[in-house]
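Below is one structure, written out as structure tokens; comments come after it.
All chains are identified by letter, namely A, B, C and D, in their written order; residue positions are counted from 1 within each chain.
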Amino acid sequence: MLNALLAAGWSAPVVDYHAIAPEMVLAGGLVLLLLLDLFLSDAKKWVLTPVASFTLLGAFIPVLTVALGTEGARSMFDGRYVVDDFSLVLKALFLLAGYVVVLISADHIREGNYYEGEYWFLLLTSILGMVMMASSRDLVSIFVALEFLSIPAYMMAAWRKRDPKSNEAGIKYYLLGVFASAVMLYGMSLLYGISGSTKLTDIGTALGENLTSIRALAVLFVVVGFAFKVSAVPFHTWAPDTYEGAPTPVTAFLSVASKAAGFVALVTVVFVAVPGSHEVWQPVFWILSALTMTVGNVMALRQTNIVRMLAYSSVAQGGFILMPLAVAGIEGVQQAALRSVVTYLLLYAATNLGVFGIVIAVARKTRSGEISSYGGLFGYAPGLAALMTIFMASLAGIPPLGGWFGKFTAFQALISAGTNWSYALAVVGAVNSVVAFGYYGNVLREMWMKPAPHGDTSPVKVPSAIGVALAITGGSTLVLGVLPGLVIHFGDLAGLTGALGG
Amino acid sequence: MLLNQFLVLGAVLFSIGVYGVIARRNAVLVLMSIELILNSVNINLLAFSLRSGTPDGHTFALYVIAVAAAEVGVGLAMVLLMYRNRRSIALDELAEMKG
Amino acid sequence: MEVLSDHNWVLSVGTFLPLVGVLIMLFIPKGEEALNKAVGLGTAVATLAVGIFTMIQFDYGKAGEMQFVAQTEWISVIKSSYLIGVDGISLPLYFLSMVITVLVMIYSWDHVPSPGNPKAFFILMLVLQTGMAGTFIARDLILFFVFFELVLLPMYFMIGVWGGENRQYASLKFFLYTMFGSALMLVAFLALFFKTGAESFSIPYLVENGGAIAKNVQVWIFAGMFVGFAVKVPMFPFHTWLPDAHTQAPTQGSVILAAILLKLGTYGFVRIAIPILPEAAKEWAPWIGLLSVIGIIYGALGCLAQTDMKRLIAFSSVAHMGFVMLGISTLTPFGLNAAMFGMVAHGLITGMLFFLAGSVKERYHTLEIKRLSGMLKQMPRLGWILGFCAMASLGLPGLAGFWGEFPAILSAYQPADGLPVETFRTFMVVAALGTVLAAGYLLWLYQRTAFGEPTAEFAPGHGHDEDIHDVGTFEWIAWTPLLVAIVVFGVYPQLMFKVLDPAVKVALKAFGS
Amino acid sequence: MFAASSEAASAALTSGFFLENAWVIPVIPAVAFALIIFFGRRMPMKGSEFGILSMVASLVFSGGAIMQWIDRVNGAGEEQFIAPIVKTWTWWQSGGMEFGLGQHVDGLTLAVLGVVAFISTLVQIYSVEYLRGDRRYTHFFASLTLFSAGMMNMVVAENMIQLILGWEIMGLCSFMLIGHWWEEGANSRAALKAFFTTRTGDVGLLAGTSILFFAANDWTQKTLGVSGFSIRGLSAWALSGEPSHSAIVWGAAALFIAAIGKSGQFPLHTWLPDAMAGPTPVSSLLHSSTMVVAGVFLVARLYPVFFEGMDILGGSSNFIVIIGGITIVIAAALAFVQTDIKKVLAYSTVSQLGYMMMGLGAGAWLPAVFHIFTHAFFKACLFLGAGSISHSASHHSFEMKKDMGGLRKFMPVTFGTWVISTLALCGVFPFSGFFSKDEIIDNVGHNGYTLFMYVGLGGAFLTAAYMTRATYLTFFGEPRGAAAGEHHDDGHGDAHAAHDDHAHDDHGHHDHHDAHAAHDGHHGDSHGPHESPALITVPLVILATLAIGSGLLNAVPFGHSFENFTKWVEPRVEVISPTGLATVVGGPGASRPAAEEEGDGHSAEEGHHDSPCGKETPKDGVCVAPQLSHAEFKWSKAALSMIIVLLGMVISWVLCVQLYDRKNKALVGLTERNALLGRGYRFLVNKYYLDALYENVIVRGIAHPVSAAAYWVNQNVLDGAVNGAGNITRKVSGWVYRNVDQRVVDGTVNASGEAARGLGGFLRPVQSGKVNQYGALLFGTAAIGALVLVIINT
């Protein structure tokens, strides 16, 4: 076998080490964490937290340097692993989101007497998977990256070993996740069968515009797999249960980074591998988007637990992100659609992480996940309440807070399509954005207008790490809301190598 | 070429796997059903690889096998955890969170 | 567009100065109430000073053109820029928002509603001020939208935290209604953007190119905007949030709501919907007129059925805004002028009425008309001011209210070319009947509350003597400018028409006037 | 011919300072009003000095203006057109329309202006004594002064907008003045009613002004260069033959509705008697020269519009004359059943206003205007007399039956002036009423409205009768009640409390209205009836003098040299050339001989459609006043009406003596015994049940069921929360509203909120928590999707 390969003219692939430096830094950090965890006494385990956070920040440096370079897209392994603008933006997103998750996890993990070293290890592994996902342009590497980011996440969800809820969260997430990826794999195998290659650009060329039932099936199954990842209705069922059961920082991670990774894969596949089959996936996304928004919203209206409410909220937000994909096949709309997805993800990440930061901070005092435990927050912790207001309003899409621009770009992409279906979806989205305020406003109402439960108005102590996290997220939510121009050009279609029209 | 037969086999395995996932209450059996699906995928991949003469399918199958092993490892660990906490691995009892 | 003045910083400063105050206040401890109030009020006064400077620098000879225009890049990717400017339509409302904020703050000096916390209260008012002023100067749809929405949250909290018993329901209702409207409005804006070639969100550009859109498309786009603005106005049948919001809001909230916030909707019609989509405006005008007169009568009937003074005033807003919308629906310069005047007049008068309601509530701890009587006897000055405002509100000539109401009615006799004349004449008669009803409910209110002897429970010596006192110092300071303005504009309406008229003509250029 | 005559007669018209600046006249009291408001309380006379001074100043100004006008007229040629002094300044502009403020001064203006200034001055002087010590003394003078300012502004108004301004200011002030003693529920209700009723009429004013403006504006701008609000422009336009029939008919009708409301014409007269709740000086001012005259003045001012719009002299009865005629009779009849002296006078006013309206409606413009003039004096005198009685003799009561009688001995001056004014009111020769009222009747007949001539004569009979009754009850017989020195003040408070809840008191509870003055320190000084002090009697005497003398200004029976009022006031025909310059074409169109000389076979009646000026109008010329002819005075006709009046007096006197003095069994209690008479009596006492109609059916219909229903719709249908406690009717109407009213917005909104939550509940089972089901859902959806796609794509 080896001989045969050598005979075929094997030559070692050229590796652009600068381009994959983030992955390498992360991998190095992982090893370092493992070793430190092995050799450090429990008393000194606190070192791991800075190591983890510095690893993430360290990985961010090469992302910056590559981005500032002028070489354009760097393609490796025959174009199966590409570092282009698109991937750089998302890598940056994953790394920064990871950093914020580290900040909001630190005290939680330490005080919970959990396995610190392993936690950081798994978190970084998952982030590594995401970073890889951003660059993957091949079915195999996408699959591997997906599992790379998912498997640690399964374990993190079940992190509180003694807690049956956490167990349940982990197992549900795991079983459904594996099942979904199995279905997706089946679809991938069909795609491969049709095109004879696993490289996305090849698939794109081979598929062309012709549709057969088998192609439709393949595309659909692949989409299902990612739809699960982004918890689109009706593939969202795991999300509320898992979010509620998992440790809150993990939930934050899942709802932001993991979801973003799902969208990255989805966008890559849609734009690079199967752009010609838009007659299949456009209606699918239309239905998914409408369903996701609506179901997510109406379910969220009924929740009393804040994390579960946020789970449904995150489902609903996923629906908004999906919106432009329902028209992304139309000539001239691709640019707007891609831009919308990327922008939305960035803004959503900033806001949602902030929300979880506050949830963690408040829960440290109230020891409750009920929305009613936020009563009177404005009275005794005005700063937190004001921040939470900003985040909630941002999620609800009220200008001038970050979230509005995400929604705006989504609507913009839809309406630029100018078809009846796109208008219809826009109206559905508009109505949903109003409904959404029902539950976001409920939190605001608790904080501002209700008395503190049991009259407990002792102040909330916010650990400095969470404070930093809140400053980052709150600041970006505000700044990006007022000056969204800062982020929007990150979603240029030209940045996505191999994409149709790019 | 026996492509169709392989694909049919793959499809059948896939269906059995799906049925198992949906119908089985026992966590381990569900895990095994998922393995069935993965294997149906492998069969597909290999069959397609042979037909097109590209090595991609083989590579893919290898990765799938490796990843599946890791997955099952994690999965079994979780089932164990579940068993330890609840003395049961019946999935339908896992419904503490809903609605 | 020609930059008429090099003072293109004044608008930005005038709009964002309150936020500087907010920033300062964030660092003042909550306990320092007086300092917080002082900084808040100081900021508002400084803003007003900028506003006065703007008024002075404004070139009244060119009131039809945008002045103090400033333009910078904002979100270039979506072709939206930071484009601001004022013309004769914006200027009165822009300035009014500043005045009202200052007055409301003065009033708040010793009237911070329960549960206190002047720091937060003043901060919210400052944020509101930025949103209101910004809406009136924005010349870019996206910028407009952002400011338009900016006022939502502060008002939501103002009602929800400092409001009456049913405040949470009222605030949520207010919010959801407005948000529903603005969501559809945004969709309409986007459709407009793409139908004009996806070139720009700037209003001047859209005014030039909007007319070229096919008529049936225009009608639909207009529909989206209509919902957005009509909710804010509010027009029948989107008005049901208003009585609740007004009734539950604290006095200051009601005043701001009545004086400025409602105008955002009507302003939107005048500034955006009508100039950009003239064809659709013609299609819609009869329907808008119809809803307006329904609102006039319906609001008046609603007033007559009230037992609560504040709620009555709230319903009267529905009726008055009906007159404003009737003026707008005629699509004539005369009608639009009347509407613009009506907006300001309504702001002054109804704002004043809400101030009074707040003060009555403070003294009697109730606003139930049945229980109030003989206010003139116990508080002669307050009673007379109430009478004065009631008269102004029912459209007595010589006071500001009349010049919004009567010209609006007059204009309905002869709407713009192409509108159904008979229909509008019918509207005119119905609207004129509305003035009778207005006299009915306001005088009825006045007779019940101000005339007669005080009811037994509030008669002297029944434990309320300390609460019931005549107009206080801060009230005088806060009210006098409004009262003076009501008279001044009533006696010499040209002050405002002079500014409005050229701008309105420009806005209606598409209708050949 | 035109050219020639214009050459001949166009002597230069004189003018003068007062004429040119007549607009100052309303401004003076307006300024005084502000002074009273801001400084009144600090002044030694509590602000009344400002009021009186301003009134005197206005009087001086109007007097000066009148003198100069007379000079102007006298200096002009016999047939020369006397141009009004019109001035206008731009008030505001909007949408290409210009609104002005200014003055339109002509004979009519000055006649009314003079009366207003004069009466206002007297009333203010009178009030100093009458309201001495009142707790809102300053406010009273402020309102009174503003009131006069409003009337004066209306009178000098150059255009309709300015006229409306004054009109509404009067409405406001009447509200304040009638409700002056607002502690009483009845007073404030009366004030409300007055304002509300006139305001209802004002809809017509607004609508009419709008209609006329738009109909006329183009023409007036083009032809005269004035706006369509301008009175002069509207007059010219109306007579130009240009106006479309519908525009002028609707415009005139709408304006007339306003006049009905303001001038208390049937069927909107009900507010007027209630308005007696105000202090007596207010009643006097309101009912003599201001407020109620405003409606008549409006018709007189815009006479061409009504002339054309209502088809006056068109050969058949018109709206104005009918309303006027009905009002005369109906109000006079009501005056019989009143026991409150002020109410008798109030109905008498209504009735006299009816004469004026009828006169205007029948083309008797000048007599009607002259009646405004004379009526002002004697009616003011009567009211002030009634005030004098209540002030000094009857303990602030106005009940004739209860608290008066035999007062002639105690109050000689009051009695004397009263009798003079009564005779004037009845139209007895040679008192002023004769010269105006009889002229109206005469001219109505002359112009072909024979039926209404008889109505007028009948009215004169009734007037004589009820005034005799009132005089008898007040001044003759034996003193009763308070007049006899009895005190029943103590009962008042309770009586009030008991009646406060009635929306209306039709049964004579007004006896105590002026009692409030007594509360303010007026108690002990008047134990028995006595004459009033000089501040009260002097105005009475002055007015009584004028009640005799003012008639001589236009004493038709004495020949042309006595027709000064006609000369000075009646507009002469103006024909305006297209350039906008007035050219004079002929003699005083109003004077009959001139018209006859002109007449090319046209009499006014036949020809006014072609040439309303009464002569051939140049092709593109215009004129501003219709040609009217005057009846020739005949002593025979005058004697007839004299006889009717005397008959009324005598019959009434006899009946009164029988009823009240002798207590004749046959007559006393007749209404109880005779069913028919009883019914009639109740019908009158209840004011034809009109108030009941307004109050119970219309007002309550709006204030209660309709508005309550509307609110209910709002709260329950639109507001979503269905109130289960509603009774069946409400449920039924709720059902109707829900189904009829398609825009159930709030309901839909709230319901959609519920639906959203309900949908959430419906979807909850999906989130069962069971992994297998989740898996099934996941794959099931994928499978269905796949199936659909496969079917579609094969």
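Assume a contact is a pair of C-beta atoms (placed from the backbone, for glycine too) under 8 Å apart; a residue touches a chain by one contact, two chains touch by 3 or more.
Worth saying up front: this structure is predicted, and the values here are computed from it rather than measured.
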item	value
Of C-D and A-D, pair with higher C-beta contact tally	C-D
Intercentroid distance (Cα basis), chain D paired with chain A, Å	78
Chain centre separation (chain C, chain D; CA means) in Å	37
Separation of chain A from chain B, taking each centre as the mean of its C-alpha atoms, in whole Å	25
Rounded Å distance, chain B centre to chain D centre (Cα mean)	96
Multi-partner residues of chain B (each touching 2 or more other chains)	18, 21, 30, 91, 94, 96-99
For chain D, residues that touch 2 or more chains besides their own	753, 764, 767, 769, 771, 775, 779
Two or more partner chains touched - positions in chain A	171-172, 175, 179, 183, 240-241, 302, 438
Chain-to-chain touches, reported pairwise for every pair that qualifies	A-B, A-C, A-D, B-D, C-D
Residues of chain D that touch chain A when the two form their complex	753, 756-757, 759-761, 763-764, 766-767, 769, 771, 773-775, 777-779, 781-782, 785-786, 789-790, 792-794
Chain C-facing residues of chain A, complex	339, 378, 382, 389, 393, 396, 398-400, 404-405, 408-409, 411-412, 415-416, 418, 423, 426-427, 430-431, 433-434, 437-438, 441, 444-445, 448-449, 483-485, 488-489
Sites on chain D touched by chain B in the complex	764, 767-772, 775-776, 779
Chain A contact footprint on chain B (complex, rising order)	7, 10, 14, 17-18, 21, 27, 30-31, 34, 37-38, 40-41, 44-45, 47-49, 51-52, 54, 56-57, 59-60, 63-64, 67, 70-71, 74-75, 77-79, 81-82, 85-86, 91, 94, 96-99
Parts of chain A lying in touch with chain B, wherever the complex brings them together	139-140, 143-144, 147, 151, 154-155, 158, 161-162, 164-165, 167-172, 174-175, 178-179, 182-183, 185-186, 188-190, 192-193, 196-199, 240-241, 244-245, 302, 308
